[in-house]
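One chain, chain A, appears in both complexes that follow, with chain B as partner in the first and chain C in the second.
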Partner chain A sequence: MIAFTARRGAMLLVALLVSSFVIFASLDLAPGDPLSTLSGGRTLPPETVAQLQADYNLDDPFLSRYVSWLGGAVQGDLGTSIRFRQPVGTLIGDRIGVTLGLVAYASLLIVLFGVGLGVLAGLRKGWLDTSILVTSTVFAAVPSFVMAIVLLSIFAVNLGWFPALGAGDGLIDGIKHLTLPAIALAASAGAIVVRVTRVSVRSEMGREHVQTAVSRGIPSSLVVRRHVLRNAAIPVTTVVGVTITSLIALSAVIERAFGLNGLGQALVEAALSKDLAVVQGIALVMVAAFVLSNAIVDLLYSVLDPRVALGSRAS
Partner chain B sequence: MSTPATVVVRGARVRGRLTRRAGAGNRVAIACGVVLGLAALVAIFGPLLAPHDPNESNLANAYVGPVAGHPLGFDAQGRDLLSRLLEGARSAMLGPALVVLISVACGATLAIVAAWRGGWVDSAISTVLDIVFAFPAILLAILAAAVFGAGLTAPTIALAIAYTPYVARVLRGAALRERAREYVAASEVQGLPAWRICARHLVPNLAPLIVAQATLLFGYAMVDFAAVSYVGLGVQPPQADWGVMVATGQSGVLQGYPMESLAAGLCLVVVVVAVNLLGERLAQRDSEVSR
Partner chain C sequence: MRRGARLARPAVAVALAALAAAGCGKEAGGGNASAGGDGAVAAPATANLNPTTPAAKSEVPSATWATYREVGTIDPAQAFDYPENTVITSMCESLLRQEPDGSIVAGLAEPFERPDPKTVVITLREGPKFWNGKPVTADDVVFSLKRMQDPATPSFYPATFSRVSSIAKTGDREVTLKLSEPDFWLDGQLSQMAGVVVEKAFAEKAGKKLGTPQGGIMCSGAYELGKWTPGTALTVKRHDAYWDAAQKAKVGEVEFRGVPDESALTSGLLTGEIDGTYTLGVSTFEQLQASKDLKVSAGPSWALESFVVSDLKGVLGDVKVRQALSMAIDRQGYIQTVLHGQAQLPRTLANPGGFASGKAAWEQHWNALPEPKLDVEGAKKLVEEAGATGKTLTIGMSSEVSAINAMATALREAGTRIGLKVKLKSVSAANFINFFTDPKAREGVDGFPTVNYSDYASPVGLWGTFALKDGSQNYSGYENPQVTKLMGQMRAEADPDKAAELGGQIGDILAKDLPWIAVSAPNSVLVTNAKLTGAPTSFTYMGGPWANLLGGV
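Showing the complex of A and B:
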């Protein structure tokens, strides 16, 4: 277990290093002069040019620029945004709360409803199972931004139950503002969780040890809890982890749909206006979060199923 | 006395149910195929089918609902919605089709090379794929659009790169199993060159799995591609495209005229549902056959 954790940690560091390199190198890949890319094609006053030259060490060779950028990034210094006129670190700090809240809210919905409905459909055959299966098949195919439009149209514009745009102030107002975005973000990922949970519960129900337990007269609630759900939890944890991880990048689309001032919205705005320092900074944060949560899912998986860690030691 | 009879009856009933289920599955698959065939026809001939010029705007018709000759009404700029939907099918499906083509070609090649050579080649390829895995597809597409400019090209290539590891992982496992088969060893003993064994025997045997993977991938690619266009980094307005139309229709949604966004969204959902169901069916059949 310790060896597995150590190896996973080493892989995590390598992945972070390589992805940071890719993100940094993308600025150099950009066609044209990096200075004009940074300025977005605008003519800059000479003092700004000198400032940018110094900020990005544009006269240094590529590798040393990467090292100094990475050194700065580790200390929270990611350069300055030209569009937003503030340090990228501050910009990220101001907006990360909305994104974290949105992703956390959506994750909660996925765990509660995705796993809950999946278990329900897996345990009870019949019309309930069929209707959950059909609904989740359709929901899984609805792009999150289309779901956002449908929710906006029904619950914000026609019924007026929820506000349409913005993140709101304070806890209660914030939850009210984030409810529709969180549902839109969670819907299609949650539908996939429902399907996987249903299949794994159903296949555990058919296993021999479960049938043995049932035939020995053990109460069905006990069989479900001890034998079915425990074993079904292994694939379910993986798919929940993977889908929640995928929400990090998808939040950009939803924040744009609901006009939320989060990281993703800033990323898209910066990409549209070619503010590459911001794009780099936010991409770095998102990839780091993505890689880190993938590693956590792997670790969780090995806790639930010790064969994973053993298998990796044997190979 | 009665026990054997019951067993036989039950066995027959189970078999009957199984074939009936397979029949229903085939009907669903055929229905999906029909939907996709229609969608492909619209993608190819859409501009010819469009009853009006999709870019002709008449502000006097802004947000006018369905009228004779305009079954879906008009958008915010008074352009005919049905014509724009028909026109938009092309970019909404051509982009994802390119993504699938590129990523399946790259993924299959990498998987077969990795499985065939094994050793350090395999671990090198797997390591590179693991690193690409660290980038969510949407994020890579946004990054590419930021660096190379918004449009069709950069997001298409970025999504293709992001999907390659998914294809390669599945196919590598299958290629490894196929590599261990006796007919491969027999061909090697006969002195056939490796590329020829791969091209003539390995790829045809992997083809059903490749097709199933490509179908499933097309669904994901359509959603991600439309999302990139929706946030404004893919297909650029005023060109008609389903993802773009969901975005341009959003101001209408807030004013109580949701037709443009919902119609474009519905087109996306219908095609993606059909693709997903068909892909699942193909993958299921492949796993049944290989079992």
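Showing the complex of A and C:
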């Protein structure tokens, strides 16, 4: 366990270091000027530009800017946003709650409904299976921003059951505000989880040891719990893990559509205006989340299947 | 003077528009619907748009107002775009005040006095107080103006003071500006951001943090800064001790939220979560207009959609080709489909909504100019005369910015109609700005579309940037001695009617010279909840007080 944690910790550090350099370099090479977005694009007086460049250290050479950013980052100072005129740490702190809440809510929906319906469809052949299959096909095909618009127009604008934008205050209000966004975020990914779960349950059902257990008269609930679900859990965990990780990046689209000021929204805006410090900071949070959720999935593997040694390498 | 760079309209908005159109089956005018030669014109020469909505009758505890993105700063020296201007004008006051109709009246100061053409005496009114109760003094004015004048602030407005050689306190409530040359454009310039007065003591203490979430601001307006949580909202509270009792705010709190996405904006307005917004055009216009819970009002604007001719050495170097391109733009079709009819046909490079001072003279010239009509045959003839048939016209654009994309498409159609080969050079939304800032980006490009506006209600605010040789947006090196002379005379003209007459003459020349090519003169559009009223409909929200007029019906 200690070795596993240490290895993952080291992996996280390397991933953060490499990605920070790649992001810094690519944004630096991309054309565009962070100052021009300050003015809504108007031509600024040259003296003002010079002042702003000095204020934000924009005229230093690339490497020295990267090193000074890295030096600050190690000490917990992620720099100052040009676009939002705020320390990046504060900016992330202000927005991370919304994104975490949204992703957690959507993950919950995916696990509950994605896995639940998938198991149901896998175990029960017939009309239920068919209808779950058809519904999930439709949901899997609808991109999340279209889903967002459909949900908005039905449940917010026409029926008025849910608010259309913002994140709300407090727990109850927050849940109310995040319900539609979470559904929009979870729908397509959840549908894929349904299908993967269904197939793996189905294939486990057909396995020899399951058939043997059934023919020997072992109660079907026991067979399902011990032999089918346990074995089907490995591919399902993999796909749920990957799906949830991808939600973090996907949330940008949903945040925009529902007027949520989360990390994704800030990332898009910062990238458009070449606000390097913000892009860096948020990207690092995302990389960390990625590495962490992968570690959790690996942990789950070893819990689910003792044959999988913790931290074993791919063969 | 500036570009409204409303960047990055994502696919979401387009999809919602499609959904809305499919839902109600309404389609605004077809692309070529107005191309017929019957001369039937829907819009009058200068639309009679009401700059205000019926006055507010009751108080309202709170309202939520949307801007197209979050507010970045509330420092007036660095306010240059819609969100910042909209919020700052609700809180801060300038030396002179822009009224909803664009006229400029006393603000913190009395109308400027000029004992001689090169001296401007600014006398503060009695009464103006900052939110902390301290009076607005001559020291605050000197400090604020110098802060605006100094690029190292960093300020975006030093150009305003190009003719100001000194700023000095000459009395308890008096500040005197010495000018190198007479400058009657100062009044307009100091009626908006460049003329905002902040408290000296507060600003010095805040230093570079002034206007940031940590530093805040100290102004004198009808609303004071409340809670500002970046990422959520900026709230302004009614300042109960506001010095100008007649202009006291009627809404207890106004919450400003950044809503970049049009579908989110539309649903927010329809559900009542957003109470109002100013917009230059939304793709869901019909849907908003159809809602009985909302009120959509058009007002005069000083913005102009146009094609920046950035290279006079290429195919557009011949004025005949520029004229031909202008004649071949289907402006009526464009206005109907893209702007939902919310624009006027530009007879010259001006928006008649901005004819505030010396209106009669401006309008006389405007009315004497022919209305732009689609004339493909005439245009083709001009291109043939210029020997430009088959030559290539390259338009810089970004397909990611819907307004730019729509104009570029209209221009491409026009170019193709008159026998030019049109190439579109499309860049990302973020890089579109480079056409304005980077000479390299302009290489090989003949021009690019823009939405530009003047800082106050007069076309000269914009003309100064592209019709004069040293203008900040004169990329092509355009120069017409007659224009230069008239602009100089106009800037030094004390009488507003005579100045407007000179402006009218400049407009007549620009309509033929076409240093830029106007595409449309869009109206300002105000959308509010039907329970609210009082807000100006005009473009004044960019430079003058507006939120204090808002209230219940």
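Methods note: the second predicted complex is superposed on the first by the 244 of 315 C-alpha atoms of A that agree within 3 Å, B and C clash if a C-alpha of one lies under 4 Å from a C-alpha of the other, contacts with A are read in each partner's own complex, and residues count from 1 in each chain.
Following the convention adopted for this analysis, contacts are C-beta pairs under 8 Å (C-beta built on N, C-alpha and C of every residue); 3 or more make two chains touch, one makes a residue touch a chain.
Worth saying up front: this structure is predicted, and the values here are computed from it rather than measured.
After overlaying the two complexes on the shared chain, residue contacts for A:Lys274 are found with chain B and with chain C alike. Legend: residue contacts after superposition of the two complexes on their common chain; A:Ser153 is shown touching both chain B and chain C. In the superposition on chain A, contact of A:Ala257 is made with both chain B and chain C. Shared-chain residue A:Asp94: touches chain C; no touch with chain B.
When the shared chain is aligned, no partner comes close enough to touch A:Thr212: not chain B, not chain C. Shared-chain residue A:Ser220: touches no atom of chain B or chain C.
Contacts of A:Thr137 after superposition: chain B is touched, whereas chain C is not reached. In the superposition on chain A, A:Ser64 makes contact with neither chain B nor chain C.
Common to the chain B and chain C contact sets on chain A are residues 31, 145-146, 149, 152-153, 156-157, 164-165, 253, 256-257, 268, 271-272, 274. Residues of chain C touching chain A in their complex: 1-5, 7-8, 10-12, 15-16, 19, 69-70, 72-73, 78, 80-82, 151-156, 158-159, 208, 211-214, 229-232, 257-261, 263-265, 267-268, 270-271, 273-274, 429-434, 436-438, 441, 472-473. Here chain A touches chain B in the complex through residues 11, 15, 18-19, 22-23, 26-27, 29-31, 137-138, 140-146, 149-150, 152-153, 156-158, 164-165, 188, 246, 248-250, 252-253, 256-257, 267-268, 270-272, 274, 276, 279, 283, 286-287, 290-291, 294, going by the rule given at the top.
By the touch rule above, chain A contacts chain C in their complex via residues 31-33, 36-45, 47-48, 50-52, 55, 83-86, 90-91, 94-95, 98, 145-146, 148-149, 152-153, 156-157, 160, 163-167, 253, 256-259, 261-262, 265-266, 268-269, 271-274. Chain contact summary for the complex, chain B toward chain A: residues 130-131, 134-139, 142-148, 150, 219, 223, 226-227, 230-233, 243, 246-247, 249-250, 253-254, 256, 258, 261-262, 265, 268-269, 272-273, 276-277.
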